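For reference, the structures are reproduced in the following blocks.
Next come two complexes built around chain A: one with chain B, the other with chain C.
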Partner chain A sequence: MPEKKELLTGNDVVLKAAVLAGANYFAGYPITPSTEIMSGWAKLAARDKTLEFLQTEDEIAAGMATIGGLLAGKKAWTVTAGVGHVLIQDPMVLAETLSLPFVMYVGQRGGPSTGTVIYSQQELNLARYGGNSEGLRVVYAPSNIQELFEITQKAFHTAWRYRIPTIILGDGYLTKTLSPVDTSKALPQEKAEPYFLNGEVKNLRNCFSREDELAEHLNILFAKYAAMSRQIVESESYKTNDAKVVVFAWGTVGFAAKVAVTNLRKNGKRVGLFRPITMRPFDDKSAIKAVKKANKILIAESSGGQFGRIVRETLSQTTKAEYTRLYKPAEGITPEEIEEKLSEML
Partner chain B sequence: MNNQNITKVIVAGEGGQGVQSIAHILTKAAFAAGLNVSFLPNYGVEQRGGVSLGFIQFGKGIIGFPKFSQADILLVMRDRAIERTKRYIGSNTLYIYDSDLIKADQLSDIYVQKLPISATSTANQKLDPKVFNIILLGAIVAECGLIKDKFIESEIDNNFADKYKIKPQFKYLNKKAFEIGKKLTKEVYR
Partner chain C sequence: MDEPRYPKCVNQKSKPSNFCPGCGYGIILKTLGQVIDEMEIAPRTVMAVDIGCNLLAWDYFKLDTIQTHHGRVTPLTVGYKKAKKDSVMIGIAGDGGLYAIGLQGFLHAAHRDDPVMIIGVNNTIYAMTGGQLAPTSLPYQVTDSSPEGKFTYDKPIFGPELTKDWANKKAYLARGSVLNVPQLKQIIKKAIERQIEGHFSFIEILSFCPTNWKTDAKQTIELTENLEKVFKTGVINE
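Our next item is the complex of A and B:
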């Protein structure tokens, strides 16, 4: 198909991608900066009888209704943000222990608590390990609006292929920005099937009588997760082969860092970028490889160190490079700021 | 990825002043004119009263990232947005403001080229108080000189199409406000 660029917000893009991926059931509760995805779905569902919509009383109910949809064989999904993301972690861990293809877009906003309404990178811990989770879920982090379109589709594929809860972790910079996007390319998808057929008896358990019973259940899930990780783990190493300074950044900040690295490379500066695309599982091998020639590492993120802790744990005892932190909790980081910081470090 | 062929505009004011509306119009008109565009809104939890910002970029070059550190044109529509936007001023920033709502001495510590536009009083006296923001949009369009009037006019009409159904006179008022805004920029002594 030829490239077709439309002027869209990221919220429009998430909605388009979900429909293209075959989503046909949505339960949710509105919250900025992601509300327009739900209201957009409601408008579509009013016209198209194959799409179902339920606005619930809160995000716990939204997640539970999404699970109901999945069990009935619907490609169910939901969208939330901020404090709604906190509540929905309860149904999320239910989906985790039942290995359900629960797809959720999260638009991070400032925190703790109500915080601000547009942007932050402070929901990373929550997305990776929220609730009493063991991290048996996939977390994708798109860095720009075009990638958001592809990754949202990919999330549905991963969720149904491996039967695993999958989060697309964005923010309001991604989904409130209005810019041209090509939305012509559809990615392949798996078919949805009902978990229960008429008359069939099946016991999906989230409650166990004995410790060893639960441990056995979890060990199976961990083994499945490890096998899946090798198939789906993703990252971008940009100009890292000979880089003396490597910036680690993800999501929106990852894109700002790419702009900064591109500009510095034009002047022959040996800088590079490592950007995880799956925040869980994390691409440890590529991260370690990306800093082979580096003597300095910059960690840039819009949080007080949620990402930095993952980076330092991943790289511990594999590099002697010195760390510099550009932590701006709840604030945006521009390419100019990263460029300036990298220049100081060179 | 960042380059000189991109104009960076920040529109700043109070929630309810139409900051997001004029940012939308500008972005859509630039897109219709065949330029690369990006518009990132930023505001607080308030429906009214908080500071509302729009980061807009357009031009023939490639746009790398939706937010930026320095604006080429900064429009400040209300005094409470003065402090919030100081960090986006660079030595070449053109500072456009509504001189009816902001007095020159409130900007005494801002050392860049300024363009005072008496949007509120002009709208009140000649048109309708509501269209003061379209006067300011006219000032931005005249200063950046990249987007033909027909694109802006058509996006103004698209944006307010629902309103025109109830108050058809606003089509005329908006058109006039846009023309006056462009004209006022030429009358300012620099």
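Our next item is the complex of A and C:
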């Protein structure tokens, strides 16, 4: 198909990508900055009777209804944010223990508590390990609107291919901004199949009577997760080969950091960027490789260090580089700020 | 006299049952199984259980089943039915799961007239956790968490009566008791039929828990008969 650039908001883009990926069932609850995805789906479902829509009474019900849809073989998904993201971790862990392809877009907003309503990077821990979870889920982090289109489709593929809950972790800057996007490319998808009423009786449980029974179940899940991780782990290392200073950033801040690095490179500065695309699993190997020549590392994030802790743990045994932190919890970070910080460090 | 018979849809491999000796769930599940057999709906029936004693029924039937979380049986049941409209969807929860932690999801399903059948088992306590105060506990009832007797509220929650205000006129709402199996069977059947007709149906079943009530057989029956005086059995919305 020829390139087709449209002027869209990120919320439109998520919706378009989900439909393209075969999503046909949505249960959700309104919350800023992601509400438009739900109401957009409602309008689509009003016209197209093959699309199911349920506005639930809260996010726990949204997640549980989504699981009901998945069991019936629908490509069911949901969208939430902030304190709704907290509630939906309850059904999320049910999907985790049952290895269900639960797809969810999360628009991060400020916290703790109700916080602010548009932007932050403070839901990283929650997305990776929320609930009484062992992190048996995939978390993708798109950094711009074009990537949001591709990653949303990819999330459906990963979820159904590996039967694993999958989160697309965005924010309101990403989804409320209008940008030109090429929406022509459809990524390959897996076929959805029903878990129930398919000729074979299934009794699914999440409560085990004995420790060793649960341990056996978890060992299988961990082994599957490790095998899957090698296939799907993803990151971007940008101009890191000879970089003396490497900035670590993700999502929207990752995009700002790329602009900063590009500008400094124009003046011959040896700077680079490491940006994880899967926040879980984390691309440890590429992260370690990215700092081989570096003597300084900048960690830039819109949280009090949720990402920084992952970075420092990952690199702890392999680098003696000195860390500088640009932590701005729930505040945006511009390319200029990152450029200035990197210049100071050079 | 009729031979005691076990429903065909019961999974014999799951026996012996995990329920306590003397538990009311045996009567409830067996009666439900008989209705499923008689209506010949097993191939299109899915059952969801909550958390509480009912979670032990996760492999009781040769039906597709799923255990949910505490209070979450209704939304999952609703979600499945929305995706598979020709299925028969049965959700089971206790009085705590339905009227405390799960009340919001339950009432909204009634309000939307979601075509599912919910069974709520009322034994006036949280049984799985050892007999704590429930929304259905009676005035002055001594429980594990109300050692001086219940004093917070002067009346229990009457589930089907409460639901009547929220539900569509065509919803089926009734209350049965494990002491009256013929009536129980009748209302279970009616509730499933109403779901198939496309409406919400809910039955509360009065049940006993000798383990947490700390009663012998005679006292168990007497206490349950007393419950029938407080919670009137029969059809609440036809």
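In the analysis below, the second predicted complex is superposed on the first by the 343 of 346 C-alpha atoms of A that agree within 3 Å, B and C clash if a C-alpha of one lies under 4 Å from a C-alpha of the other, contacts with A are read in each partner's own complex, and residues count from 1 in each chain.
As a convention for this text, a contact is a pair of C-beta atoms (placed from the backbone, for glycine too) under 8 Å apart; a residue touches a chain by one contact, two chains touch by 3 or more.
Predicted model, so just to flag it, every value in this text is computed and none were measured.
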Let me test your reading of the model: by the given contact rule, A:25 touches which partner, first (chain B), second (chain C), both or neither?
second
Could you look at A:336 and tell me whether it touches chain B, chain C, both or neither (first, second, both, neither)?
first
Should A:65 be classified as contacting the first partner (chain B), the second (chain C), both, or neither?
second
If you stack the two complexes on chain A, which partner ends up touching A:259: first (chain B), second (chain C), both, or neither?
first
Looking at A:41, would you say it contacts chain B, chain C, both, or neither? Reply first, second, both or neither.
neither
Name the contact category of A:156: first (chain B only), second (chain C only), both, or neither.
neither
Give one of first, second, both or neither to describe whether A:117 is in contact with chain B, with chain C, with both, or with none.
first
Of chain C and chain B, partner touching more chain A residues:
C
Taking the stated contact definition, name every residue in chain A that is touched by chain B in one complex and by chain C in the other, in rising order.
none
Inside the complex, what are the residues of chain A that reach chain C?
25, 27, 52, 54, 56-58, 60-62, 64-69, 71-74, 76, 90-91, 94, 98, 194-197, 201-207, 209
Give every residue of chain B touching chain A within the complex, in rising order.
1-2, 24, 27-28, 31, 36-45, 63-70
Going by the contact rule set out above, which residues of chain A touch chain B in the complex?
7, 32, 114, 116-119, 173, 176-180, 255-256, 258-259, 262-263, 332, 334-337
Give the list of chain C residues in touch with chain A in this complex.
11, 18, 43-44, 46, 51, 55, 58-59, 62-69, 72, 74-84, 87, 104-105, 108
